[in-house]
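My questions will all concern the structure given below.
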Amino acid sequence: MKDIESAAQTYIITADCPSRTGTVDVVTRFLFEQQCYINEIHSFVDTTENRFFIRVEFRLDSDAIFNQDDFTEQFEQRASQFEMKWQLAPRPYKSKVVIMVSKHDHCLNDLLYRYRTGDLNIEIPAIISNHPDLEELAKWHGIPYYHLPITKETKPEQEAEVYKIIEESKSDLVVLARYMQVLSSDMSKKLSGRAINIHHSLLPGFKGAKPYYQAYDRGIKLVGATAHYVSDDLDEGPIITQSVDTVDHSYYPEDLAAKGRHIECLTLSRAVRYHIENRIFLHGNKTVVFGK
Amino acid sequence: MKDIESAAQTYIITADCPSRTGTVDVVTRFLFEQQCYINEIHSFVDTTENRFFIRVEFRLDSDAIFNQDDFTEQFEQRASQFEMKWQLAPRPYKSKVVIMVSKHDHCLNDLLYRYRTGDLNIEIPAIISNHPDLEELAKWHGIPYYHLPITKETKPEQEAEVYKIIEESKSDLVVLARYMQVLSSDMSKKLSGRAINIHHSLLPGFKGAKPYYQAYDRGIKLVGATAHYVSDDLDEGPIITQSVDTVDHSYYPEDLAAKGRHIECLTLSRAVRYHIENRIFLHGNKTVVFGK
Amino acid sequence: MKDIESAAQTYIITADCPSRTGTVDVVTRFLFEQQCYINEIHSFVDTTENRFFIRVEFRLDSDAIFNQDDFTEQFEQRASQFEMKWQLAPRPYKSKVVIMVSKHDHCLNDLLYRYRTGDLNIEIPAIISNHPDLEELAKWHGIPYYHLPITKETKPEQEAEVYKIIEESKSDLVVLARYMQVLSSDMSKKLSGRAINIHHSLLPGFKGAKPYYQAYDRGIKLVGATAHYVSDDLDEGPIITQSVDTVDHSYYPEDLAAKGRHIECLTLSRAVRYHIENRIFLHGNKTVVFGK
Amino acid sequence: MKDIESAAQTYIITADCPSRTGTVDVVTRFLFEQQCYINEIHSFVDTTENRFFIRVEFRLDSDAIFNQDDFTEQFEQRASQFEMKWQLAPRPYKSKVVIMVSKHDHCLNDLLYRYRTGDLNIEIPAIISNHPDLEELAKWHGIPYYHLPITKETKPEQEAEVYKIIEESKSDLVVLARYMQVLSSDMSKKLSGRAINIHHSLLPGFKGAKPYYQAYDRGIKLVGATAHYVSDDLDEGPIITQSVDTVDHSYYPEDLAAKGRHIECLTLSRAVRYHIENRIFLHGNKTVVFGK
């Protein structure tokens, strides 16, 4: 977090490709040739799938002029020889995040707090809900609130409207902050890799509806939450991060919910941070996360 | 742990019954009349099932003479009016625990350490295994080791032998310390409420075989263990306690297993302690645990 | 949390006294005579100091009429024979909590969220700050905000004003939610046992100013927070609860602060909950906490 | 942990130097030129101290012949231009670890378990103690046990003997596994950076003698342990890793000790693992740890 000013000259490059000799060098040599200073570098090789992942945070020498197009064109020539999928992002970069909610406001409240204090470096072009309840909270933060009710019949139209808001605001990420609705298969696919959901159980335990009630019935001794990318297959998307806290027999479902709230907030906001800081790679139905 | 000497005069009474006014008083008044001093008292009412649970640790005035038979006869007269199931146990009471293992020795090693240092106040009349591998470890601790191989065909005979050892040693508890064999329905029933298993996942996630492999495939970010009473329904018995630790994408199944070992040890030994200190009540398919 | 309606008829009795036979019975027998139903009972004996502590949550039979004055008069006759200090409180009881802040708003924001959603069953008659910054947040929640600047010279006057607000609002508790000022010895004494402070370190490590900077300099690998009662001796008051999270070498003081924020919130709100639910006993420079 | 066979061809290079452009490239380019495949790379820049740290795990192409002397000579030419301190180590490399103990055996027992199962890839040329108590345990593991009593007067001689054992066995690391003796200033200096101590508190809280008693007196709600390098300044050496567990008022010093045992074991073994896997850099009075 040091040197906020010079951070304007900081970038993150992420890449993944089949694993072979030279995959690190192709990145680090190029950055050296461009006189970039590497702040931090992480790599990982999945030896089962034979795939390589790398994340490099670098900054430019003080008065260098950085031409992103030139960088892209030149690096692509080398990266393509490694069949590399890669991405370059300035940091700090203010990601645009659309938040979807239902009536529960704890995750929204937490995200808004982190938004207004700058703890999460995001813009929020829209808060979308199928209920009107949380409009006041959105308004106090000066964020447009879209009340888009949903029924079985109107789901396609509602989702089309939602998608339009996401697209028109050029949003980078959609966060389902206890939205309580299952996205259609079509919508899930369109948002693949850029929609994060918080599920209030430690997946794969207690998939589906009312996980705190399921957990109560099973007599669990730890209550947890899972942040994951939305996929076509309910509660089966790639897991980003998980947290737990201890409980005992005296926790009724309402008590689990109360205790679980801060865990949900913490888990979801961590996942959002990882995403906007380009720390996550999708890797089949898993994630590679260079966390902090 | 204070006053180890006077602890010889310490007892634990546990009871549960339908919930109604007077359920605490019937216990506490009787203890007062017997001039017992209450060290610690915990109670819980399950308002859904309308059932009351209580655990009282008490000691006798210094030179009192305690007649357990008289106590039992007299208290039963009152307890029966509340349809109370109850139990009286001296503390410290050296429980007899039979340990069953396969080839993995980490849980056994941990239990034996706690046994030989007195951390767990137990006797171990037998270690039973379907493999010969851990005999040396048993021997060094001076504990009889029974190598009872098992095949599909010989399972009934093997279990009969196991049961004989448990019964003849008058054991209070059977601990499946990574035994890796599913007990038959009949055996599960015979050991109901006195056999604890450690499962190396956070149940209900990853039931059945090879949970670390299942967890790896699902891309989990927390690895856990669950200690539970054995029941007829595999990995569905009442949960006693659970623990977790964080992992990331770089953990292959072998790494999950390595990281999980201490979690398994910790979780299993805690469950054993709760059991032998009469801290656990079976309550349908759940447990009420007055833990410490 | 069950039976919210009947909860109107729920009470908590807490008591402590020198340890001797009959200390539980004197409470439980009286409650039985009054036809009270005990929901939950916890006791503890400090065998070093020879002192007994008990907390009982009880409810009245459905249509009983409860006369608190009669209860008090009658129970006091018995309690006094045990030199018992005791307290009776209805539950839910909406505690009045004055919050004091400086410029950091994360703990305030968290407490206000829990206040407005009913997660903490409190009224907040006043938010007091030596800075004007957080007025907007207070206002949005409809809570009076007192901006009372403080200098070395004006400290006595400022504290007198603060005390007046606390007294006139008949507040039960004062919460220093990152107030960043040391209360005078006189003020500390006047608020003894009813003022909770959050210190952003794991006491007794890093007492005094700028604990995150101290922690950074020492190279710690866990960052923590401590909620404690304010005492005359800075950061030496009785500890109520503590929490931690893991960090590494890459955390500068600002990063520790960022990571520590949710820990501070969680720790402080837990301490407030314990206090208002009468779960805490002051016991010399320690606390006995019957937590949940 | 994959590919144990090919792991014979795996190496770790660690380096640190003043921070400037090219510090990553000088390592990664050289490795590329040597046709080394990078499994994992971590770097960190301390922007306050302007110092760069890197750890790279690499393996050789299947049938390459690796000449460590050539590698060293050639890389040194480049590294010296960056004033780089660096180290090359084969992996797996069986570190030689001398363990020093007193009478408490829990940490020793844990380390021996990890040693005999291969969980820690170490040799133990000697266990040294100022008491005879743990000889039996050492013997069962086939490890020479040196009983070297110590008094104020004989300390220099005793330490000379200890040092001789360390040197003659060419040990890489000394582990004070609850040795309970303070090393002399001279001895601390001679073992600087290669002696790890476990202190049973969360430093800097409760330095010095009897931390569990100190913690009890202070009424803490978390019990912890700290593994650190031994330094001349008691309990002030660079911290490697720390862990905690929750406790409450009912924990007397003996109970804290009992609960703390597994935390000490876990914390110490983790520190040892980090050290022998070349994951730790000494950095003034702190450490940089590329943990896993």
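Each chain carries a letter (A, B, C and D) given by its place in the written order, and its residues are counted from 1.
Criterion: a residue touches a chain if its C-beta (ideal position, glycine included) is under 8 Å from a C-beta of that chain, and two chains touch if they have at least 3 such contacts.
For clarity, every value in this text was computed on a predicted model and none was experimentally measured.
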item: Chain of greatest Cα-centre distance to subunit B; value: A
item: Pair joined by the larger number of C-beta contacts - A-C, C-D; value: C-D
item: Mean-CA-position distance for subunit D and subunit C (Å); value: 41
item: Centre distance in Å when subunit A and subunit C are each reduced to the mean of their C-alpha atoms; value: 36
item: Sites on subunit D at which at least two other chains make contact; value: 2, 40, 44, 47-48, 250, 252
item: Chain contact topology (line, ring, star, complete or other); value: complete
item: Subunit D residues touching subunit C - in the complex, by the definition given at the top; value: 44, 46-48, 202-206, 218-222, 224, 238-244, 248-250, 252, 283, 285-289, 291
item: Subunit A contact footprint on subunit C (complex, rising order); value: 1-2, 40, 105-106, 109, 113, 117, 119, 140, 250, 252, 254-255, 258, 261-262, 265-266, 292
item: Residues of subunit A defined as touching subunit D within the complex; value: 2-3, 19-25, 28-29, 31-32, 35-45, 47-48, 54, 61
